[in-house]
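Same chain, two partners: chain A is paired with chain B first, then with chain C.
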Partner chain A sequence: MFSWDLLANAVVAGLLLGGFYAAVSLGISLIFGLLDIANIAQPAFVILGAYATYVTNTAYGLDPILAGVLFTPLFYLVGAGVYRIYYGAFERRGDEALRGLVFFFGVLFIIEVSLSMKFGVDYRLVQAPYIGKSIDLGGGVGIAYRYLVPCVVGVAMTLVLYLFLGRTFYGRAIMAVSQDQLALRLMGANPVQIKTIAFGIGIAAASLAGALLISIAPVIPSTDRDYIGRMFAITVLGGMGSIGGTLLAAVILGVIESLMSTFFGPSWSLAVSFGILLAALAVRPAGLFGR
Partner chain B sequence: MRRTVGTLLVGLAVIAAGVLVATLRVNPYLYFAGYVILQYVVIATAWNILGGYGGYVNFGTPAFFALGAYTAVFLIRSIKAPLPVLILAGGLVAALLGLGIGYLTLRLRGTFFSIATLALSVVLQTVIINWEYVGGSRGISVIRPSGPPFGNYVVFLFTVMVALAVIAVLVARFIERSWIGRGLAALRDNEEAAECMGVPTLRLKLFATTVSGFLLGVAGAPFPYYVTFVEPNSAFALDYAVNALAMPMIGGTTSWIGPVIGAVLLGTAQQLATVTISSEMNLFIVGVVLVAFVVLAPEGILGLVRKLRGH
Partner chain C sequence: MTRTRALIATVAATLVLIAAVALAPVARAADPIKVGFGMALTGGLSANGKPALLAVQIWKDDVNKKGGLLGRPVELVFYDDQTNPATVPGIYTKLLDVDKVDLVISGYGTNLIAPLMPIAMERKLTIMGMFGLANNEKYQYPNYFQIQPAGPDPQTSTAIGFFELAARQTPKPQTVALVGADAEYPQNAMVGARELIKKFGFKTVYDKNYPPSTVDYTPIVRAIKATNADIVFVASYPPDSVGMLRAALEVGLSPKIFGGGMVGLQFTSVMQSMGPALNGIVNYDFWAPEPTMLAMSGIKEFLKEYQGRAEKAGVDPLGYYLPPYSYALVQILGQAVEASKSLDQQKIADYIRAHEFSTIVGKVKFGKNGEWAKGRTLMVQYQKIQGTGIEQFRGPGKKIVLYPDDLKSGNIIYPYSAALK
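For the complex of A and B:
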C-alpha cells in the first residue's frame, strides 16, 4: 500500500533535515573544500558543541541555539589553536598528506573518548519551549519545530557565510588563499593568518551546528561517526567549497535519507550517505557544482 | 637465499617458543591478553604494507577485520568449517575487498582515498546489521569446537595467533626487501614520478591492497571463537582503525619491525590500562600517544633510535 501522506511527510522532513545538514557541513566545506585541510575531526567538534549546549541548557536553562551562538568565540579560538599546531607540525614541512590526516583522526578520537569519560554513553538531550511541538499543514502533513528551527538557522548560517566570503575583505582573502597562495603572498598578505581565521570560523560553525544537532535528537559521544560520511558526502557532492552547492547537496541528501528511512527503515539511512559519497568520489570527484 | 632460510628459521623458532609458552600453564588471563596483542601485531603489520610502504592511509581497517570475522561466522553457522578453513576463507574474502579498494586508488588519492575507506566501513556495517543470518544488530553466539588439539581453547587460539603474527611479519619483511617494497616506496614519495620512471604503480597498489586486506581478514577470522559472541559494534569497533595506524606510526612505518614494536608497546599498555584503570582510559591513552607521536616524533620510535645513533 503506497501512501501519499507518507511520501509528502518524508519529503517535507527531508527538506528540513537538509537545512540542518547544511549547517553541519558548512564548517568542513570551508576547511576541507576551500583550505584543502582534511579535518576529519570536524564531526567531533560538532559533538563537542552539542555537549557544551547540553551543559549550559541543563545547568542554566539557556536556549540551545543561544548557547550554541555563545560558544562560537571559544570554538573559534580552539580552531585557531588547532590550525597553528597543524601548520607548525605538518603543513610547514609539507607533510600534511599522511601524518596530518592521522593527526586529525587522533584529535577526533581524543574528543570522543574524553566526552564518553566525562558524560558516559547515555543519550543526552536539551529542553526548549519549541521542542516537542509541531505545526499542522493539513492533509496529514506536519512540521515539527525541532526540525524547523535547525533548518531555518542552517539556511541563515549558509547565507551569512556566503555573504561573508563574497562581500567582506577577510572573506575574499579566504577565497584567494584557496585559489593561489603564492599570489596572495606576493600581494603582501599572510596566507597562514588568513587560513587560521578560516579554520577558526569553520570550528565556530561546528559549535552552532552542535546546538542544532542536540535540538533535533539526543546525542551520545559516538554520534560523530554518523556525520563523518554525511559531511564529506555533502562537501564532495556540493563541489568542494561551493557554499551554495553545499546547501543544495545537503537538501538532496536529506530528502533521499528521509525517503529511505520512511520506506526501508532507519537502519539503511546511514548507508545512503556513505553510498552517495563512494559513488560521488568514484564517478565525479569534482561534485555536482565543481569549480 | 641463505638469508631467507635464516629468516624462516627465526620465524619457526618464534612459533616454537609460542607453543612452549602455551604449555607453561601460567595465569590464563595472560593468554587472553597475549592473543589481543598478537592480533594487533598482525593488524598493524597488515596496515603498514599499504599505509607505511605505499603511503595510502586506510581508515577502513574495521571493515576488513569484521569481514574476516563474519566470513568465519557464516562458515561456522552453515557448514561448521574447521579453523584453518575459516582463516583462509576470511583472508580471501577480505583480500577481494582489498582488490576492490585497490581499483579505487585509480580515481582517488590521498585524503579522498582515506575518506572512502572510512565510508566503506560504515556501509559494510549497515549490511551486516541488516543481515539476520549472521546475527544482525543483536549479534550471534558462537560455540567453540570441543577438544582443541592441546590445552584449552584460548591457549590454542593464542598459539594460532603466534603463527599468524609470524607469517604476517615475514610477508611484510619479504615485501620490504624485494623490488615490490622499493616500488611502493617510490610511489609513496611521488606517484607521478614513479609512474614516469616505469614503476608499475597500479599493479603494485593492487598487490599492496590485496595482501593488506588478506592479512587483516586473517586477523579477524579467529575472532568469533575468541569472543564467542560477535556483534557489529565490537567487530567494527573504531578502536581497530585507530590502533591499526597508531601502532605503525609509533613504532615507525618504514620498516617491518616498526609496527611490531608499536603493537607490542601500545597493545601491552592498553591491556594494562584496561585492567588497572578503565577500558575508556586505554583508548584515551592511544589517542594522546598517537597525536603526540605524529606531532613530535613523525618517524616513530625507529626514527628516534636512528637519530640517537646518528649523533
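For the complex of A and C:
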C-alpha cells in the first residue's frame, strides 16, 4: 500500500501532531523537568483549560485559541496559589516526595469531579471557522487546520518559553533554581518566589494547551488520563527541563505515531512510539537534551 | 414469693418473645423493595451511565406513584462504578451482603457487566443486563436477560443492517474497509462485520485496529482512502467517532456507504457539535424520534418526563439512545415481580424467560442467552441536518430509520456523497 503521497501526508500529519504534543507537554516540562515537582495534575489543568474554552466558545462565540490566551492570567494565579499550598504543606517540611504526589493526585481528582458535577459527562466540542477544513499543499498532500493551528501555537509557545528562560532575569532565575537553590539565595533571589512564578507559568501553559486540545478532539472530564503517559514520556525523552528537547521529542513521537498508523496499522503506533522512547533512554538515560 | 418469681419470669419471657417477633427480619408492607446496581457516573462511559440512572429513577417514581411493587415502595441503592470493571465485584458484594438489596440490575456497558456475571451465577441471581454485547455467550447462564435489542447473534447485530442495506444498492458495492478501536465492543462488532462481509460476498481491502487513545485519525483515514473502498465500516467509541468523521471530511473520504458501528453519534451533544458533518452517515442506533418509533406505548410520556429532568441532572437533554431501554429494563423486572408475586430470584427469572413484555420500547421477548429473541438494532441515516441547533433533532426527519423494514421511516440517500450536498 506504499505511496509517496501517503508517506508525505504521514510525515506532515506527524509534524503537526508533534507541535500539538509539545504544547500539551510544555507545562510539565517546566514543572516536572525544571522544578522537580511531580505535578501529575497537569493534564487535569489542561482539561480545565479546555472547559474554560468551551464555555466562552459556546456562550460568546469566542475563538478557542483566543479564549485559551485570555484565560492564561487566571490560570497563572491558580498555579501560583496551588504551588504556595504545596510548598507550605509539603516542600518546606521536606515531605514532597510521596505526600506531594498524593497531593497532586488529589488535585487531579478534585478538578475531574468538579468538572463532572458542573458540566456533566457529555462530550464537549467547540466551533471555529477553521475546524473541519483543510488546505491542499499540492502533490496529494493536505493539512487540516484543526491540526495546523495547534501546531503553530505549540511551536510559538515553545519559542516564547525558550526565549523567556534564556533571555530574561526571571527566566534565568528559574533555570538557576532548578540547579542550585542555595546559590540563587546568595544572589539575593527568593527561590520560593521564583518557583511560584515558574509553576504559575506551567499552569498558564495548560490553559492554552486545553484550548488546542478541545479544538482537535471532544473532551470529557476524564480525557486527562489519555495524556498523562504521553506528557511525561515526552518530557523525559526530551531531557528533563529542556524546552527545545520537549519540542523535538514531541515531534518524534508524533511522526512515529503517524507513520505507524499509515503503513503498519494504527494498533502498533503507541507501542512502537514508547518502544523507541525506551530504546532512546537506554542509550541516553538523561534524554535527548538532558543535562 | 415463688408465685411472684413465676409471674416475673412469665412477663419477661413474654417480653422477650414480643421483642423477638418484632425484631425478626420479616418484610413488612412498608419495607421498601431495594433495587441495587453500580453505574458509570464518572469515567469514560458516564455520558451514558448518568442518563441511564435518570431513566431508572423515573421508573422508580412511576412505580411508587402507582403503589410500588407487591404493595411495597421501591428504593434504589446505587454506587458509582467509575467505568472501572475492577470496582464491580466490591460494589455488588456490598449491595448483596450489607445493603441487602432484593433485586439487582447491571451497570451500563459490556465491560461493566462482564465482572458481574460470575457473582450473579454464584449467588443464583436474576440479572438484568444493560447494553452488554455477547456477555453471556460463554456462560450461557439462564437467569441473565439483556435489554439491548441485539438479538440471538449479538456479534453480527451491529453490522447486519449496514451490510444488508449496502447489498441492496444498485450497482452493488464490492469492496469494504473495516476499522475499529482496540476495545471489547468494537472488536466484537468487527468480528460480526467480517462474518457478514463473507455472507454478502464483499471483498475486504483494509482491516485494521487502532488504540482508543489515538489523537490524530487523519493517517488512518488517508490509508483507507488509498484503498478506494466502496464501503467503510467503522466500529468506534465517541471520541474516535468524532475524530474519524472530522478526518474523513478533511481528507475528502467519500465511499458509497460510510458508518456502521460508531458509538457517540447518537449523543445529543455530539449531534449538536457535528451538525451537517453527520449528513449521509449510515449508523446503528436503537431509537429515533421517527413516527414508527413514537407509536410505542408510553414512550412519549417517558421522554417528556426525562427531558424535563435532564437539564437539572446534567445529562443528555434528548435521551434517545439509552434511557428508553434503561427504563424498559426495570419495567420488565417490575412486571415480572408483580406477575410472579415474588422476590424469589428463580421464580422471577422463570417468568421473564417464559413471557413477552410490553414496554416503552415495544414488545420484548427474551431468547437464547438472555438476548432479545429477535434482534432489532436499527440502521439510521442522518439527513438534511442544517446548523447545530438542538431543536431540529427533537422531531422526525433528521435521523431516518432505514432498517429493519417494519420500522422503516424513509429511504437511504445513496451514495454517501449525495447526502453531503
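To be clear about the criterion, the second predicted complex is superposed on the first by the 266 of 291 C-alpha atoms of A that agree within 3 Å, B and C clash if a C-alpha of one lies under 4 Å from a C-alpha of the other, contacts with A are read in each partner's own complex, and residues count from 1 in each chain.
Going forward, a contact is a pair of C-beta atoms (placed from the backbone, for glycine too) under 8 Å apart; a residue touches a chain by one contact, two chains touch by 3 or more.
What you are looking at is a predicted structure, and each value in this text was computed from that prediction instead of being measured.
In the superposed model, A:48 lies in contact with neither chain B nor chain C.
Contact with both chain B and chain C is seen for A:113 once the two complexes are overlaid on the shared chain. By the touch criterion defined above, A:128 reaches neither chain B nor chain C.
With both structures placed on the common chain, the touch criterion links A:228 to chain B but leaves chain C unconnected. Taking chain B and chain C in turn and counting the residues of chain A each one touches, the greater count comes from C. When the two structures are aligned on the shared chain, A:9 is found in touch with chain C, with no touch to chain B.
In the superposition on chain A, contact of A:267 is made with both chain B and chain C. When the two structures are aligned on the shared chain, A:197 is found in touch with neither chain B nor chain C.
Under the contact criterion defined above, the residues of chain A that touch both chain B in one complex and chain C in the other are 113, 116-117, 222, 267, 270.
The residues of chain A lying in touch with chain B in their complex are 32, 38, 40, 85, 89-90, 95, 97-99, 101-103, 105-107, 109-110, 113-114, 116-117, 222, 225, 228-229, 232-233, 236, 267-268, 270-271, 274-275, 277-278, 281-282, 285. Within the complex, the chain C residues that touch chain A are 41-44, 46-47, 49-50, 83, 182, 208-211, 213-216, 218-220, 222-223, 226-227, 238-239, 242-243, 246-247, 249-252, 264, 267-270, 273-274, 277, 313-316, 388. Residue ranges on chain A touching chain C, taken from their complex, read 1, 3, 6, 9-10, 13-14, 16-17, 20-21, 112-113, 116-125, 127, 131-134, 142, 144, 146-147, 216-218, 220-223, 226, 254, 257-259, 261-263, 265-267, 269-270.
Chain B meets chain A in the complex at residues 51, 55, 57, 59, 104, 107-108, 110-112, 114-116, 118-120, 122-123, 126-127, 129-130, 137, 238, 241-242, 245-246, 249, 278, 280-281, 283-284, 286-288, 290-291, 294-296, 298.
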